[in-house]
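Presented below are the structures under discussion, each in the form of structure tokens.
Shared between the two complexes below is chain A, which pairs with chain B and chain C, respectively.
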Partner chain A sequence: MAAVFLENVHLTFRVRQQYQITLKEYLLRGMFRASRNPIREIHALRDVGLRLRAGDRFGIIGGNGAGKSTLLKLLAGIYAPTRGTRRVVGRISSLFELSLGFEMEASGRQNILYRGYLQGETPRSMRKKLDEIAEFSELGEFLDTPVRYYSAGMLVRLAFSIATAIEPEILLVDEVLSAGDLSFQEKARKRMREMMSKAQILVVVSHDLDSLRRICDRGIWLDHGQVRAEGPIDQVITAYTSHVEHRRAA
Partner chain B sequence: MSVVLGKQEEALPPILPAAESLPAPKETTTKPVTVIRPRNAWVPLDLWEIWRFRELWLFLTWRDIKVRYRQTVLGVLWAVIQPLFAVLIFTLFFGRLAGMPSDGIPYPLFAYAGLLPWLFFANAVTQGSNSLVNSAHLITKVYFPRLLIPASAVGAAAVDFCIAFTLLLVLYFWHAWRGLIAFPGLNMLLVVPLMVLLALLALGVGLWMSALNVRYRDIRHAIPFLIQIWMFATPIIYPASLVPERYRWILAINPLAGIIEAFRAVCFGLPMDWLSLAISVVVSGAILIVAAYGFRRMEKGFADVI
Partner chain C sequence: MAAYLASVWGCRYFWLSLVRMDLRNRYRGSMLGIGWSLAHPLAATLVICAVYYRLLQADVTEFVPFLLAGLACWNYLVGVTLSGCQCFLQAEPYIRQHALPLAIYPLRTMLGSTVHLCLALLVVLALTAVLRGLPNPAVLLILVPTIALLMLFGWSVGVLAGFVNTVFRDTHHLLEVSFQILFYLSAVIYPKELLYQNDLGWLAAGNPLVAFQSLIRDPVLHGSLPNGSDIVLAFAVVGVMTAAAIAVVRYGSKHLIHYL
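Right, the complex of A and B next:
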């Protein structure tokens, strides 16, 4: 059974005001006087804990810069926690950005394989999916031309078709996606729903509170990297919106 | 489960259910279990994970080659042209003008056989050290073993090597036909394990440099002339026998020296210097192991700083 555990996870980025470290700075390290280019610590996540098990539909809400996407990337393994532990049982699939890594020189078909491999698929598991993805994308013979000749709409369609062809155990979604022209959008929405229903664990970050209410059963509200509320999604959303309204009134 | 609200200014009360109230997860061997510990901890290499992603390595290698020869008329012929012209110049200056000894082998052949493995190494390390930085768009968006990125630079260099090697064979048979050297024997097959060793050394150096380059972009500027110095410290355009006996040990520390001398010895049936090859094996192995563990340790921070 798939499961995700975060225990007391902190994530701190150490950044300098100026990106460059001069050699003098590096050698002296503020030995004699305070550095003019000090390291600032940014606490992206503070003491976050999560326990997700099969069947969970989990929503993450919060204002801009609250750490929602960062938390998702940490779950995906892109960032490692500065303190605390992350434990994942099962295969993670993530849908963050459609534009992820197309190889412009490669054909559509090759890109389907490439994206599959990036997400940990094997040639055997991809063989079954290749035709299905090709058909869904409606790109026909264009699949054999290099991706650099695709129109923006075709790229989106291909990206969406690949991204949603996975059979996820643990699915992380950043903003529920919509893609393509009107007729494709209808198809896309249906496929998205199907995929999400197949996942054992689903974690969604979104500003669209209504769809979160429909999709999720539990959730958290993040604020400045801290968990402000955790529980049934309705209550978390209510807490969040009343806080926002309260602030607006003040 | 209830919703608990905290004021922003106060310390937040614990919200999550106590750990004991949830049953421990069942662990099965079939499911991949990932435990990510805080950074700076030493982590196991997890070769199984790398093996699982082998197809990705092949694709990245293919991409590297494709990108390198994009929009070129001559395409992969460049893999032959580069060493060929280098050999022409070396032959003119060192072979003809300076009269460099070459262990009784015609100088062009001697230099080409040294340059081939060297160019493989130099390309793999140069491309490899920039590879992570060039793949920033992947590293910040998806998780996969990052080790595959510098490893694909080694793969691409290996393809170039194989193409250039065919020219060595042509030169070789031509010289043998004219009776200048003996016909190659079966011992030429020993080139394969030597190249595997060289690839492992290149991977080790490439991993190290690429990881450092993420944090200190100075590496990008330092690599070209480090490579150049390294070339002159390796018996490529001169034979190791040219170095006086008492300084020979300095050459032996350089793991490339042993490999390239052995490469030539195998190609031309010269006596093999087993001791310096053994030193190369040990040094290469040590570099690769240290680099691989260091890379795994550093890779967690890549997404933050790249």
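Right, the complex of A and C next:
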């Protein structure tokens, strides 16, 4: 059974103020003068704890820069905690920046294979899914064209069709609740709902609070990397919106 | 470590498809296709032979296979290192989306270079057979473990070069300049014996780049097993590089994304 545990997780980014450090600066730092490009520490997450078990539908809300996407990437294993523990049981599938990671010189059909393999599929499983993904994307003969000739909308359609063809155990979704033009959106929403219902654990980051209310049963509100509220999604959303309204009024 | 290697193997369809795509993209729309990878050492051999065989008073039938074998090995070593420098930067969109083992990206560049090495070695063997005959075909079997050793070296160097270049972007340029210098110091275009004869033996004795070339040249050109000291040096260097790469993967995997 899938499970996700975070205990007292902190994540700190050590970033340079202006640019990446050069070898010269690294070797000579502090020898003649103080660095003009000092390291700044950004506490992206502070003391975050989570316990998710099979059946959980979990929403993460908060303002821009609150740490929502960072937390999702930490859950996915892309960032390692600076302090604290992350334990995951089950295979993670993530839907983050859909349009990233296309091989522009390869055709749509080849990209379906690459991205399928990236998501843990095998040649055998992809043989079964290839036609279904191609059909869902509605890209027809464009699938045999290099993707560098695709419009942004076509890329999103293709990415969405591939990304949602998986059968996830733990599904992490960052703002990918719809895709494409109007005619494609309804189909995409339906597909998304189907995939979410198949996942044992679902974690969604979104600014669309109504969607979160429909999809999730629990959630957290993050503010500057800290958990401000946790519990049933309705209560968390109410706490968040009243905070936002209070600030707006002030 | 075993679990890490199992996870690398677990996503084999992904990195193998990337290797195939790299090879396809590199020669897409070109006249010779993958033949271009052979055109480079062949053209270099032709030019160097035209000039140096007189200076070195070498027989062309001896010098061409000697030079081509050296260039095949040299181009591989330079290729895995320099393409390794870019491996994580090139894979940034994947690294930002999926927590796959980072060692698959230098593995991708190493496998691409290995395909070119194997093609180049086939040309070396064919030319040697035509020009002077293969002295001892049975000994050529030693090339199999040699290629495996070079692959391990290439993977380790790719990991190290990739991590260092991601943190310090000057690394690629520094290595390019270094290889330019090392090319003339590493007995690629002249026999290493010349160094010993001119009191420069120290340039060859501790130089793993010379040892790697000997692992290929000795069985192909002389029909003999490589020199014991060359084998020891090559294994020692590969061992050290592999240990360093494992350490860097263990420590650096958590931090690499912050430098991308």
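Following the convention adopted for this analysis, the second predicted complex is superposed on the first by the 232 of 250 C-alpha atoms of A that agree within 3 Å, B and C clash if a C-alpha of one lies under 4 Å from a C-alpha of the other, contacts with A are read in each partner's own complex, and residues count from 1 in each chain.
We adopt the following convention: a residue touches a chain if its C-beta (ideal position, glycine included) is under 8 Å from a C-beta of that chain, and two chains touch if they have at least 3 such contacts.
As the structure is a prediction and not an experimental result, all values here were calculated from the model.
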Between chain B and chain C, positioned on chain A by superposition, is the outcome a clash or a fit? clash
Under the stated touch criterion, which partner chain does A:Ala239 make contact with: chain B (first), chain C (second), both, or neither? first
Per the contact definition in the header, classify A:Arg51: touching chain B only (first), chain C only (second), both, or neither. first
Looking at the overlay, what does A:Ala152 touch: chain B (first), chain C (second), both, or neither? neither
Can A:Gly84 be said to touch chain B (first), chain C (second), both, or neither? first
Does chain B (first) or chain C (second) touch A:Ala249, or do both, or does neither? neither
So, A:Phe13: does it touch chain B (first), chain C (second), both, or neither? both
Which partner does A:Ala229 contact after superposing on A: first (chain B), second (chain C), both, neither? first
Between chain B and chain C, more residues of chain A are touched by B
Across the two complexes, find the residues of chain A that touch chain B and also touch chain C. 13-14, 73, 76-80, 92, 94, 96-97, 100-101, 103, 105-106, 110, 113-114, 117-120, 122-123
Contacting residues of chain A [partner chain C, same complex]: 13-15, 20-24, 26, 73, 76-80, 92, 94, 96-97, 100-103, 105-106, 110, 113-114, 117-123
Inside the complex, what are the residues of chain C that reach chain A? 10-11, 13-14, 17-18, 21, 24-25, 28, 93-100, 167-171, 174, 253-254, 257-259
Where on chain B is chain A touching in the complex? 1-6, 8, 12, 15-17, 19, 22, 25-27, 31-39, 52-53, 55-56, 59, 63, 66-67, 70, 137-144, 300-301, 303-304
Counting only contacts in the complex, chain A reaches chain B at residues 1-3, 5, 7, 13-14, 47, 49-51, 53, 73, 76-92, 94, 96-97, 100-101, 103, 105-106, 110, 113-114, 117-120, 122-123, 218, 223-224, 226-232, 235-236, 239
